[in-house]
Amino acid sequence: MPNLQQRSILNRLFEAPAIGKMAPGTALFVYGLLLVWSLVVLFPLYWVLITSVKSAVDVNSGPVYLPWIDFQPSLHAWRELLVIDYEDTLRSYINSIIIALLSTLLCIIVGSMAAYALARISYKPKFGNILIFVLAMIAGCYTVWKYGVDWKISIAVAVAIWFFLVKSIGRYFTRSVGNGDILFWMISQRILPPIVTVVPIYMMFQNLRMLDTHLALILTYTVVNLPIVIWLMYDFMNSIPIELEESAQLDGASRFRTFWEIVLPLAKPGLAATTLLILILAWNEYILAVFLSTSKAQTIPILVSAMNAGERGILWWSMCVVIVIMIIPVVFMAILLQRFISKGVLLGAVKG
Amino acid sequence: MTNPPRSRSARFSEWLDQQSSTLFITPAVLLILIFSIFPLVASLIIAFSRFRLRAGSYQVRWVGFRNFEKQFFGSEQFHFLGTFKGMSLFGWVVAIAVGIALIYWLYRYCRRQFWWLGFIGRIISALMFFGLALLFCATLLSGHQFGTLGVTLFYVFAGCSTQFAIGLGLALLCAQPIHGRTFFRVIFFIPLMITPIGIGYAFRMLADTSKGPFSPLWQWFGLGDFSWSTDPWAARVFIVIGDSWQWIPFVFIILLAAIENIPKDHQEAAQVDGASGWQIFREITWPQLLPVAATVMLIRLIEAFKLVDLPNIMTAGGPGIATESMSLHSYFAWRSLDLGQSAAIAYLLLFVTVVLCVSFFNYVVIGRLRNNPT
Amino acid sequence: MRLNKNPLTALIGATALAASAASTPLHAAEFDGIEINILTRPGPVIAQRLVDRGEEFTEMTGAKIRVNEVPFAELFQKILTDWATGTNSIDVGVFASGWAVELADGDLIEDLTPYVEADEKLQFDDIAPFFREFNQKIGGKTKLITIDGDFQMLYYRRDIFDEMGLKPPRNWAEYMEAAKATHGKDLNGDGEADYGSCIFKKRNAQSYFAIMSVAAAFSQTQGTGQGFFFDTETMKPLINNEAWIEALNVYKATGEFGPPDELNQDIGDTRALVQSGRCALAIDWGDIGPLSIDESGAAIKDKMGATPMPGTSRVLDRETGKLVDCDAERCPHAIDGINISPFAAFGGWSGAINKKADDDVKKAAYAFLSYMNQPEQSNVDVTMGWTGYNPYRNSQLDNPDLWIEAGFSPEFADNYLGAIKDSLNNPNMASDLRIPGTAQYQGVVLDRELARFLADEITAAEAVANIEEGWEEITEDFGRDSQKSMYKASLGITN
């Protein structure tokens, strides 16, 4: 039958010769799609890269695609940013590096400590105590707002009242919240759109005379990214066998030492993956930087938007230079952290 | 502790160890209290007031619900909700259908299991869905313009579903026995590393129909005079494309890890039994993938509501208000120093986000997990 | 902890002392060791010249100039919050002169009158009257130093117009005709069809300046003091009337002969088009002139012509809100029956000094602003297109040689300066809005409604009604009476 032969060709093309191998037809299809997507990913990058060596005329007079073939590349934008005006570029760049690195570091330390604690220690804060705390704080804010009491005094008084009430009537409360609730509370902070909190944060830093300082941005980024760290690290901590810690504790090691010497090394892959993610988020952040920095702490994403020079149009070439130099350190970090990130690392976290 | 005579430092370290359970979690709690909870409360106060900067200080004047009222009924209604000019028949039909479906859903819940907290939660969700459905019926389905709320929801749903579909597809492709998997994985990961503003500008260049790289193509299609940025839907779609380009890698990398983690033996057994690729995916891969997929989508959902950089850069919210998301709406209000309105919009955004994310988590994720115990 | 802290602070203090001692230079110039933080918008325009001149200034006086840049749309609120909240990380703001009113209202900017009086090099009287008496002053006191004179003009391609036998348009009907005639022609010889009219229309950019430029001629007839934003008696917006509806329609209609993505084009985008020779007509600030002799403007060198903004023979009757024909009484300043009203859009970039800055810094900051403004520097700067500075001194306007030296052809220098002088000397010049909340009136409400109108979301009538409602809300918010007196003061009405 002629049909049979046709089918056998089809078979050979689309049926796997062996388990774990692909038929040539399927392979062609798969590689084809992967290549197409690689192009989708790489083309915008290529465009950014070649735009950075174009002159204004090349950009404005219609598309040119290939350096040396349909236009003459020039390094004028690179020279302008890295040689002539290197001070501004360097300042933003260093600001960004300081802010991204320190906030990531702080975020990872605080976050993994909290994640470890939530995974290992059982917390049972009384429901009533929390309620009193909230009420005390509301009362404190109200007095500041309504009667103009100094906020430091009012907060101190509120905390003192809370402390006193907890010590005296705290034991009568019976309902308490568990680790799961605390975890949920912390993670749910990520839902907050930055726009909700940024105005009060702005006023707070202004009150502390901390606007336009590195510390303000570092702290803010830390808190914004903290929920992610806790979320991801909680599951890593959970997946670490508890026996090692127990034996360490039997040997008399304190919890801090256990955490530092046993848990953290074991959580390295997870730490690496989380660090990379947080670093990327902190490095690329724009909205909060716009709010909280004016000049001294200006970060590099603001430099990108600063290349939109209004009346002279967008300085595409310079902007592309900034985008390119922004990608480089992230790729570098990714390669550096790559070896710690084994497959399935992010998975454990997300599964929870 | 080998020193019998306890030194001060030893006593201190012991005390430290005793307090360790508190010390481990306090920094995180304090940071969140100061930088998340306090601003949240303060922002609520601002949302109910008129806020003006004066020399050396600011004035806060209590105005009650005026900032919110303005969004729903007042001069900002068209901006936030959309333009209402009567509803078309089609709109009515859809709205009523949605209403009936929601009532049935509540009814079914009451019949099957009933818990007062769950019921209240479902009432809130149902009202919200009905409100949103009504909004879409009165604007989109009746041929009128919708406001930033509708635009935000469009970004969230169009963006998340595109990202999920393509991300999953790529993960499945990469999970095939191919050469150079690491290469593709690294390449596909790159967009996530680029700052959203950079992506906004890069896509603005790419999408330019007269000077961009695809302009010959546009011209060839006879669309040389067309501009995506002047057509509301084209502009919205372009923003979703930019957003997706950035976030597909995130979905991809996690789903790929999940797929690789699924034991191969089931699949291979099924392959031996002659199951088709689709069957294997539906019966074996998908159920195991589901929990991860749901969580990834939850993360994306949360982040998608905050979209602000891309529309700001690609179109600055234009044409008209067609591409303005709620975050951007609030940001513009802040920029003109109308802080009360800015906070009010931000709170509305928070409310929508919380209800939708919690609904998604409770009814979709948990429901699915229960149906497919893995 | 306390024990720990003290040595640490001591150490930091010691280091700081050592560092400051080390950095003190040996020679002592006038402002040694002073750092002046300037905030302005980014890019080579405006900011770059401050940087260059800043370096010269540092060499002369020792004061270090640091120019910080934030995106244009964030500039005003950054300065206001920085100064109002007492953060004071900025000493000098360089921004639109109109914005200063709100700062002056909060008593945040230094009164420069005593400085100016003691400054001979400034040649105060050489500054053109509109800028000297109007732009730099608030309530009769000089509070700003202009470094750029701004108002919008109409530019046309002289070569094309001559070739086709067209006259520079004097009213909008002529404008549309010319745009129609030139649209689709190849204007720069690259074989592609070009555009008849390029007017920026992007949202959240500067398009609202263009619409005001169009509207001014329709609604203001009696001279600068009349104003065209509000009724000076009731502070009711003069928006919901046929003049603005007509202006909106005209503005939108020009889009028919414009580039396809005009709605997403800011002034920079249209300017780039003009420079590459793709526009027959364009509305812009004074920059096009110097830009046409710039290297980047090779395609339009000696091909541009400038003329005041088009006018109209039908103007607003404020009683009825209707458009009526011009007559001698109604349009005293009309030329050939056409009322024109050149709009001082933006008012020009000017520098203001933070009142809370240290006295030394203030002195140094004033010296620097004065240095920028002095004819010796500014007469060079305004002839260079890339600086973004436009002429504002008599010595610049009356002196074509300056421009010819910079590379203008004699005809174009005459034509360009003539258009500027015609505009500046027009008694009916329209002033930009200069009251608290300007950013909200224009940048939010007007801009948004304009964008919605251009995007076909609403009709012109709806747009003006919405603008009126939005403006009334803002006025109520700031207080009607105080707004009214501010508005009157900004127009020079004193009673």
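Residue numbering begins at 1 within each chain, and the chains themselves are lettered A, B and C in the order written.
Quick note on the criterion: a residue touches a chain if its C-beta (ideal position, glycine included) is under 8 Å from a C-beta of that chain, and two chains touch if they have at least 3 such contacts.
Only a predicted model underlies this, so the values are computations on that prediction, with no experimental measurement involved.
The chain with its Cα centre farthest from the Cα centre of subunit A is C. Contact tally for A-C versus A-B: the pair with more C-beta pairs in contact is A-B. Note: centroid distance subunit A to subunit C, computed from Cα atoms, is 40 Å. Rounded to a whole number, the gap between the C-alpha centres of subunit A and subunit B is 16 angstrom. For subunit C, residues touching at least two other chains, in rising order: 74, 81, 85-86, 205. Contact of a single residue of subunit B with at least two other chains is seen at positions 58, 210, 334. Of all residues in subunit A, those that touch two or more other chains are 60-61, 203, 305, 308, 314. Taken together, the subunit A residues at the contact with subunit B in this complex read 16, 19-22, 26-27, 30-31, 33-34, 37-38, 40-45, 47-48, 51, 59-63, 65, 110-111, 113-114, 116-118, 121, 123, 137-138, 141, 145, 182, 186, 189-201, 203-204, 219-220, 222-223, 226, 230, 252, 254-256, 259, 280, 283-284, 286-287, 301, 304-305, 308, 314, 316, 319, 322-323, 326-327, 330-331, 334, 343-347, 350-352. Considering their complex, residues 1, 13, 16-17, 20-21, 24-25, 27-29, 31-32, 34-36, 38-43, 45-46, 58, 60, 169-170, 173-174, 176-178, 184, 187-199, 201-203, 205-206, 210-216, 245, 253-254, 257-258, 260-261, 264, 268, 271-272, 291-292, 295-296, 299, 302, 305-306, 308-309, 313, 327, 330-331, 334, 339, 342-343, 346-347, 349-350, 353-354, 357 of subunit B touch subunit A. Residues 56-57, 60-61, 202-203, 206, 209, 211-212, 290, 294-296, 298, 302, 305-315 of subunit A are the ones touching subunit C in the complex.
Considering their complex, residues 73-74, 77, 80-81, 84-86, 106-108, 202-205, 259-264, 439-440, 443-444, 448, 451-457, 466, 469-470, 473, 477 of subunit C touch subunit B.
On subunit C, the positions that touch subunit A within their shared complex are 37, 39, 41-45, 66, 68-72, 74, 78, 81-82, 85-87, 89-90, 190, 205-206, 266-269, 271-272, 275-276, 285, 287, 296, 386, 388.
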